[in-house]
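First up is the structure itself, then whatever we jot down about it.
Which chain is which? They are A, B, C and D, in the order written, and residues in each are numbered from 1.
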Amino acid sequence: MSSQSQIPVVVNGACGKMGREVVKVVAQAEDMTLVGAIDKDPASLGQDIGDVLGCGLLEVPVTNDLEATLVMAQGQGLSVMVDFTHPDTVYESVRAAIAYGVRPVVGTTGLSADQIQELAEFAEKASIGCLIIPNFSIGMVLLQQATLQAAQYFDHVEIIELHHNQKADAPSGTAIQTAQMLSELHKPFNPPEVDETEKLPGARGSTLADGVHIHSVRLPGLIAHQEVIFGAPGQLYTLRHDTSDRSSFMPGVLLAIRRILPLKSLIYGLDKIL
Amino acid sequence: MSSQSQIPVVVNGACGKMGREVVKVVAQAEDMTLVGAIDKDPASLGQDIGDVLGCGLLEVPVTNDLEATLVMAQGQGLSVMVDFTHPDTVYESVRAAIAYGVRPVVGTTGLSADQIQELAEFAEKASIGCLIIPNFSIGMVLLQQATLQAAQYFDHVEIIELHHNQKADAPSGTAIQTAQMLSELHKPFNPPEVDETEKLPGARGSTLADGVHIHSVRLPGLIAHQEVIFGAPGQLYTLRHDTSDRSSFMPGVLLAIRRILPLKSLIYGLDKIL
Amino acid sequence: MSSQSQIPVVVNGACGKMGREVVKVVAQAEDMTLVGAIDKDPASLGQDIGDVLGCGLLEVPVTNDLEATLVMAQGQGLSVMVDFTHPDTVYESVRAAIAYGVRPVVGTTGLSADQIQELAEFAEKASIGCLIIPNFSIGMVLLQQATLQAAQYFDHVEIIELHHNQKADAPSGTAIQTAQMLSELHKPFNPPEVDETEKLPGARGSTLADGVHIHSVRLPGLIAHQEVIFGAPGQLYTLRHDTSDRSSFMPGVLLAIRRILPLKSLIYGLDKIL
Amino acid sequence: MSSQSQIPVVVNGACGKMGREVVKVVAQAEDMTLVGAIDKDPASLGQDIGDVLGCGLLEVPVTNDLEATLVMAQGQGLSVMVDFTHPDTVYESVRAAIAYGVRPVVGTTGLSADQIQELAEFAEKASIGCLIIPNFSIGMVLLQQATLQAAQYFDHVEIIELHHNQKADAPSGTAIQTAQMLSELHKPFNPPEVDETEKLPGARGSTLADGVHIHSVRLPGLIAHQEVIFGAPGQLYTLRHDTSDRSSFMPGVLLAIRRILPLKSLIYGLDKIL
């Protein structure tokens, strides 16, 4: 494959949990070249990122100089920066990437609505793509899209989400988001057929305004799972997503890197580019 | 098969939903003979019970004379009366059966603890078996036994029960019973690893004293389902029972009819004869 | 509701298993009026179809005169004939309905490709809608649509279908159809990562040309279930449909009755009108 | 806890995948003391095993001197050697442990029936416990025990096992073992109700002699899962085990270490000590 067809990719946060995975899949992707690995970890500074990850020499040293790396990447053509860093610094990094003409694919959470609005205006002015992706799981986006489609034909639906017992919050953010997407259909889900009595409080789970129940199971041995169950007389339609490893997010990262090139503005959410 | 080895069976409540199923399976069982069909339904009185059920002539007319039927059954050897009638009359019927020497297999609910105690004493005195079986589902008893066995090795467990949305109570009686069986092990289940926060109240379901969570799902299309999920680091062990039809209770009824013959006293619960 | 907004509906095969369900839901639908009940069953002829079904008087006698019923229905406005009859007669019935200006919604199976082609031409000439629907399950169509959507992003997929043990054929027609829909994407599914060895023949199930495995489970207690499982590193995405009762097909029948009115030609498959 | 109540434990194969996990849980167990870490890995020799594993100093250096370690362990009281090494050397190691009076808990596979017989005689003579455990998963043993219990009451059963697509063999060893346990009941499972036709070969899975079907699903994203489904009219009873991590085997290892102390002979299989 000629170098013209290669997408130069910088990974910001290259030594973090997600960053490491991104480095590996970018290095293996036939249409991408890893050109920069940025991280603040002093122990890795100057070392080859491939050595740090134990996956063989990649000839890209770890650096903490964001600007120099962006300048270098921009010089290699239509380039992309994948950002898995920290809520405190992500705004400045993304703004810098746009300023230097490197398209940001942002997985770091914690940007405020105001910050996203400002980045959108900045990207618009620069006429450069910017992707902010709170959840890179293609499978979960497919589940949510299929959920919305089914919700047109089913009036009854409940959500069960199951996570390991070290997760403190219930329900999970994704389950709440799924229920909110259903709420936005402004359809009265689960019209009651009988007067329900909870003999033990909480048995019927939690509910959002429009009647969608969410049940949260927490057990060791579980990882991250979500089930949406639609019911109608004589039938059930169930959508389930199971995540067992953060490698599951990598196809979404690669897709975002490929889809961002022709974009001219900020887009929020993986569903918009699927 | 010679008639000596046949068990004479009377069905009390023969025209009810459960009674009809019992009549059919008793009539087909090679080791049983249907000798009596008792019901108060005036429309069926005097008709052949096989005609009433639309399953071909059985040469047993529907009668409302309990005593005469018991006398006749007793005359045919070690006989059994299956009772699926009504809470108001079940005590008297069972007492009569014991008095006339016909062994009662009782599926009717509603007997008080006092009444059961009195029947136990009466059966003891008469030295005759009596089975009171609140749930004839062999599958559910197996699930509960396997649950107790697993609970010796797992410290974390949750219950999900799923029923049609015309069920008013939550959790189901069987789910509560299963949780109580776990509670009786006096083991602190589900010791928390983090401080849990319910962002929406009820998300984590209901709990009994010893920490077993029960989640109740209600949807049209569901029938009657229960899942017990055990979790430990790196593994899950799940037991699930699905009921789709009351025919599922018939193997338990046939088992009870066969197991009652050698008994000399009252026994409560299908688990005791499995 | 004024009679103008009511859709006059004839049910052909009104005393059959599916026909009975259709009669009941049409009679209850606020925007439909049952105007004809056709059946060849001599025992029901001339009786009120509501009496035959035991659901209360409907003031529609069972008749075996198809033509007279079609003429009558056509006189009442834009009318529809739902056909659940027999492969031997369905072609003639549908042709007659089109000829008399009554829109056919056809659930009867057994029409040949040639016959469907001829009916399509006939409907086109008459400028009248005709719906041929081999599977009225909206849930299953949703599952198949979501399957095709997911197949764009996942390379690995297997199908498990589970049916009662009185089903003679394996795999089920719907599972084969689902696999064929995947085959038509001309994507090499399930590229092998290792040399597979079947220690017991058949372990890996059946396969269509493009590598989609289908596994068929047959057990009493099962009714009709299908599961499509997509896998990728670190994640699974599972779509499952459970049917427990033929009432599950009725929303699809009602939808077809409503959607056929504006049509001017033959359409095949529920997915086309969803 | 006083040192008398501590069980001295040697891990043979301490730097292997399973050995590492064993070292960690033994070090954390309140009633055990890690006294020896044997491995042939030259890179680790002489280093503290805690440092090798990155879990903090354990003050036990890695050694390749089996005999010296056994002598030392035996000197500390009723001691145990856990062996996760290699089929080529396991026989000699276990024989040595017995000879030196250290109880072997053997997870290494590959011992022949003859070798196991010889070890049994040797342990008997030495009057010392020896546990050979092909599968340390307590959850899977519980599933198999519950399967045998259910098989007394259900005549229909199928097995679905699901593994990642890098597993070359199908069905899995555990699924075959489960089916064999059912076969040993000499019960004709799954008596056919209809003449089955496989429209696609392999659809109905593989079968052992007594009619138990096994279906093997292989997908990335799966780890190791087994489902046993029992069916009867109107009901299903399903047992499922999911393994996501080898940490799931550690409770079985700890149990074996505790249960071996009072034993005087060789025992095969975790089920025997549960």
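We take it that a residue touches a chain if its C-beta (ideal position, glycine included) is under 8 Å from a C-beta of that chain, and two chains touch if they have at least 3 such contacts.
Given the structure is predicted, the values throughout are model-derived calculations rather than measurements.
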Open item on the list: Measuring between Cα centroids, which chain is at the maximum distance from subunit C?
Closed with: D
Task: Between subunit C and subunit D, centroid-to-centroid distance (C-alpha), Å - done: 50
Task: Rounded Å distance, subunit B centre to subunit C centre (Cα mean) - done: 38
Open item on the list: Two-or-more-chain contact residues of subunit D, please, as numbers and ranges.
Closed with: 221, 230, 232-236, 242, 244, 248
TODO: Counting only chain pairs that touch, give me the topology of the graph as line, ring, star, complete or other.
DONE: complete
TODO: Mind listing the subunit D positions that touch subunit A in their complex?
DONE: 221, 223, 242, 244, 248
- [ ] Please give the residue numbers of subunit D that touch subunit B in the complex, ascending.
- [x] 137-139, 142-143, 145-146, 149-150, 153-154, 230, 232-251, 274
Open item on the list: List the residues on subunit A that touch subunit B in their complex, please.
Closed with: 156-158, 160, 165-171, 176, 190, 192-208, 213-222, 229-236
